[in-house]
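What follows is a pair of complexes built around subunit A, which joins subunit B in one and subunit C in the other.
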Partner chain A sequence: MKFIDRLEHLDRRIIFLLVGIAVIIPMLIPLGLPVDISKPVKDVYDKVESLSEGSIVVVSADYDPGSEAELYPATEAFLEHCFRRNLRVFMLGLWPAGSNLGNLALEEIAPQYNKVYGLDYINVGYRPGGPVMLVSLGRNVADIVRTDYTGTPIDSFPLGRAVKSARDIDLVMTLSAGDPGVLHWIIYFNARYGTPIACATTAIMAPQQYPYISSGQLIGLLGGLKGAAEYETLVERKARAVGGMDSQSIVHVLLVIFIVIGNIILFSQRRKK
Partner chain B sequence: MKQTLPLFIVFGCGFFMIIAFFIPLGGFQDVSQTFENWYTGVIAFFVFVGILNLVRVNTERIQKRTRDWQYSIILLIFLGIMMVAGFFIGGREGRLFLYLFDNFYIPLGATMFSLLAFFVASAAFRAFRARTPEATLLLIAAVIVMIGRVPVGYWIWHGFPSLVEWVMNVPNTAAKRGILFGADLGLISMALRVLLGIERSYMGGGKE
Partner chain C sequence: MSWNVGVWIASLLTLAIYSFLYKDNPFYKVAENIFVGVSAGYWAVVLWFDFTWPNLFEPLINRGNVISLIPIIVGLMMFAPLIPKISWLVRIPLTFTMGVAMALVVTQRIQGEIFPQLQATFLPLAGVSPGVLISNLLIIIGVIATLIYFYFSKEHKGVLGFGAKLGIWFMMIAFGASFGYTVMARISLLIGRVYFLLHNWLGII
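The block that comes next holds the complex of A and B.
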């Protein structure tokens, strides 16, 4: 019983240390665990595959550095797929730091496919206003977006001139970490203009999206780093997300072990009473 | 007058926007579009108000030497540096802004978020216990999702991911739908209360 009592009062720094070790060791010694593909991720992939060359995809980077670890790999994998399929990317951000993070991904991926700024992709930067801005954007893009993120008028770019309203947009991909984000795209863009919406969210937000997948308002979902890893596997671009899966696997196993130990303590205390 | 005028503005604008949504006539749409454009302009201005408030709150903390007031100094210094770098040294094209964004903002944000993993682990050990039948059910579902959502679950048993999808698609969706319907009905009733002037707390505690 002494051992159980000692466990009950385990210094939380030991728990922190174990989590730290569980994160670091798989990074140094990769396990190479297989990544299975879930249906919501495959549905996003299939939708992108079904679009014809030159289709316009809005990529909305609705996150900030706090969620960068989960959503940036999804941004890169999705952009890679778009450029490989010769789709045109219209990027914006509903969060102030989102379009900057999106721009980092664009600058990383676009040159690999010889894509030209303004012709194949454009970044119009942070757009405040949340839901009302989305309604206006769908009705008339020029009401909301007059310049790109550098301040250059968007009608000086071929892609800027091509996107006039929601009718010109074939797919919206929102990389969402909260509010404003995926929910607003569904309510104020999909419901109003019928544009298909896909999303990548943080793992904690993923369960909230399932009612919208089942109702057909969302075509698919990349949930957390696992969703990004699945997409990387589908586009055959094994990068940060797949690399992070070993650490996440071991930490999850460790958490389950903690839960089991915690409950053993509970039952032994009950028996003692 | 201080309360009546805002009530009339809210009533008029709110109901006009609802009517305009259902009547797709040119005149209605033009006016509603103007309102929407005004809204985005006002929201953009709120960023400026937010910065002013941030400066005021943190200046007060420094003046009154409240707990951890030193952090307010750091915040104000970096707020100033980021604004100068953004506005006067080439905006987002400027190298200083990008340098600060890439090397300070991103790592600091990621660090704050990653700390959650440690606290979640500690909480899982101390609080996630099968004290009641409901807690036991939640615990079983959590363990299934935690293991099934990572590759090690698929490695242990190939059926784990399918089990997770079932948990997400059936019990999770059913519960979320119930919560969403309840919350949305509450939202509609709250919106009506605001439009009809029954709910006035958003106007603050001013007197006539």
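The block that comes next holds the complex of A and C.
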């Protein structure tokens, strides 16, 4: 009982330390734990595979540095898949910092596939306005987007001229960390124009997306870092997300142990009383 | 190890923030205040360069679009409460904003959320595999039971009470899934920061 009493009054900093160690050690010594592919992630992959060369994919980077850890790996993996399949990428952001983060991924991935800015991909930057903007964008892109993120007129680029309305868009991929984000794309774009929507979200948001998958309003979902790791596995690009999965698994085991210990302490204290 | 000044600043600020886990200290306070200040400055720049200038002043000044004067005047009315005599003017931009928002939200939420979600619960119970049947039954029972829990016009007794209790179970399972995902999200953020420190800063992985 003395041991249980000691555990009950355990300094919480020891728990922080254990979690820290459980994250760092697998990064230094990778375990290579397998990453299983879930259906919502496979569905996104299959949709991209089904698109013909030259199809236009809108990649909406709706996140900021606070969610970069979860969504940037998904951005990179998805862009890699698009460029490998010779799809054209039209990037924008519903969050101010989103398109900047998306641009970092574009600058890293596009040169690997010899893609040309303006022809194979374009970034039109941050687009404020949420629902109103999305409704207008689907009706007539020129109403909303006049320049790219550098201020260059969009009609000076072949890809800029090719995207006139929602009818020219074959798929929307929103990398979403909140509001505005995936829900706006579903309600104000998919429902009105019928354009297929896929999403990568933070893990916190992931459970809320399942009703939309089951209703067919979402094609698929990359939920958190795990979803990104699954996509990296599918596109054979084992990078940051796959690298983080060992730590994630070890910490989850540790947390389960903490929960069990916590319950043992709770029940033993109840019995004492 | 990185020689990039930006990476060093980000790394030291990360360590300063995490130092709070040990106990509150001046390094944490400095990092926290820098974050608040930078965020405020960043939003001020975003509001001007991404909202106000391109949507309001650029069309007026560079393209002579006088229609932009209307939103400018209506927007200025938002400051009317500062002058008590004309404070009533604030109602004009507020009603306009509410009207547009209501029109958009009501029509699109019905079309884009309520109907498709309702439709998604009309699931077949015959002519499907046993696995799909169980899945469909769970969805149908879960929706009905949860709706019963939120039906407050009659006391939850008998069949209604059983349905409400079942609804609580379904919701508890949903909350558990959400909690699990939340834990995963928080750990992912920690992994992201640790990766940054070990890879971008120290270069040891």
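Assorted remarks:
Just so it is clear, the second predicted complex is superposed on the first by the 273 of 273 C-alpha atoms of A that agree within 3 Å, B and C clash if a C-alpha of one lies under 4 Å from a C-alpha of the other, contacts with A are read in each partner's own complex, and residues count from 1 in each chain.
The rule is short, and it goes like this: a contact is a pair of C-beta atoms (placed from the backbone, for glycine too) under 8 Å apart; a residue touches a chain by one contact, two chains touch by 3 or more.
Predicted, not measured: the structure shown is a model, and the values here were computed from it.
Aligning the two structures on subunit A places subunit B and subunit C in clashing positions. Of the two partner chains placed by the overlay, only subunit C lies in contact with A:G216; subunit B stays clear of it. Judged by the touch definition given at the top, the superposed model places A:F258 against subunit B, while subunit C stays out of reach. Ranked by how many residues of subunit A each touches, subunit B and subunit C are led by B.
Looking at the shared chain after the overlay, A:R139 reaches subunit B, while subunit C stays out of its contact range.
In the superposition on chain A, A:I4 makes contact with neither subunit B nor subunit C.
In the superposed model, A:I25 lies in contact with neither subunit B nor subunit C.
In the superposition on chain A, A:L51 makes contact with neither subunit B nor subunit C.
Looking at the shared chain after the overlay, A:S38 reaches subunit B, while subunit C stays out of its contact range. In the superposed model, A:I187 lies in contact with subunit C only, and not with subunit B. When the two complexes are overlaid on their common chain A, residue A:A239 makes contact with neither subunit B nor subunit C.
Shared contact residues of subunit A with subunit B and subunit C: 16, 19-20, 23, 68-69, 96, 128, 132, 135, 203, 206-207, 211, 214, 223-224, 226, 248, 251-252, 255. Residues of subunit A that touch subunit C in their complex: 13, 16, 19-20, 23-24, 27-28, 68-70, 96, 126, 128, 131-132, 135, 186-188, 190-192, 202-204, 206-207, 211, 214-217, 223-226, 240, 243-244, 247-248, 251-252, 255.
Those residues of subunit A whose C-beta lies close enough to touch subunit B in the complex are 10, 12, 15-16, 18-20, 23, 33-36, 38-39, 64-69, 96-97, 100-101, 103-104, 125, 127-130, 132-133, 135-136, 139-140, 143-144, 149-151, 203, 206-208, 210-211, 214, 223-224, 226, 229, 245-246, 248-256, 258-259, 261-263, 266. Residue ranges on subunit B touching subunit A, taken from their complex, read 33, 36-37, 39-40, 43-44, 46-47, 91-93, 101-102, 105-110, 112-114, 117-118, 120-122, 124-131, 139, 142-143, 146-147, 149-155, 158, 161, 165, 168-169, 172-173, 176-177, 180. In the complex of the two chains, the subunit C residues touching subunit A come out as 21-22, 42, 46, 50-51, 55, 100, 104-105, 108-109, 111-113, 116-117, 119-120, 139, 174, 177-178, 181-185, 187-195, 198, 204-205.
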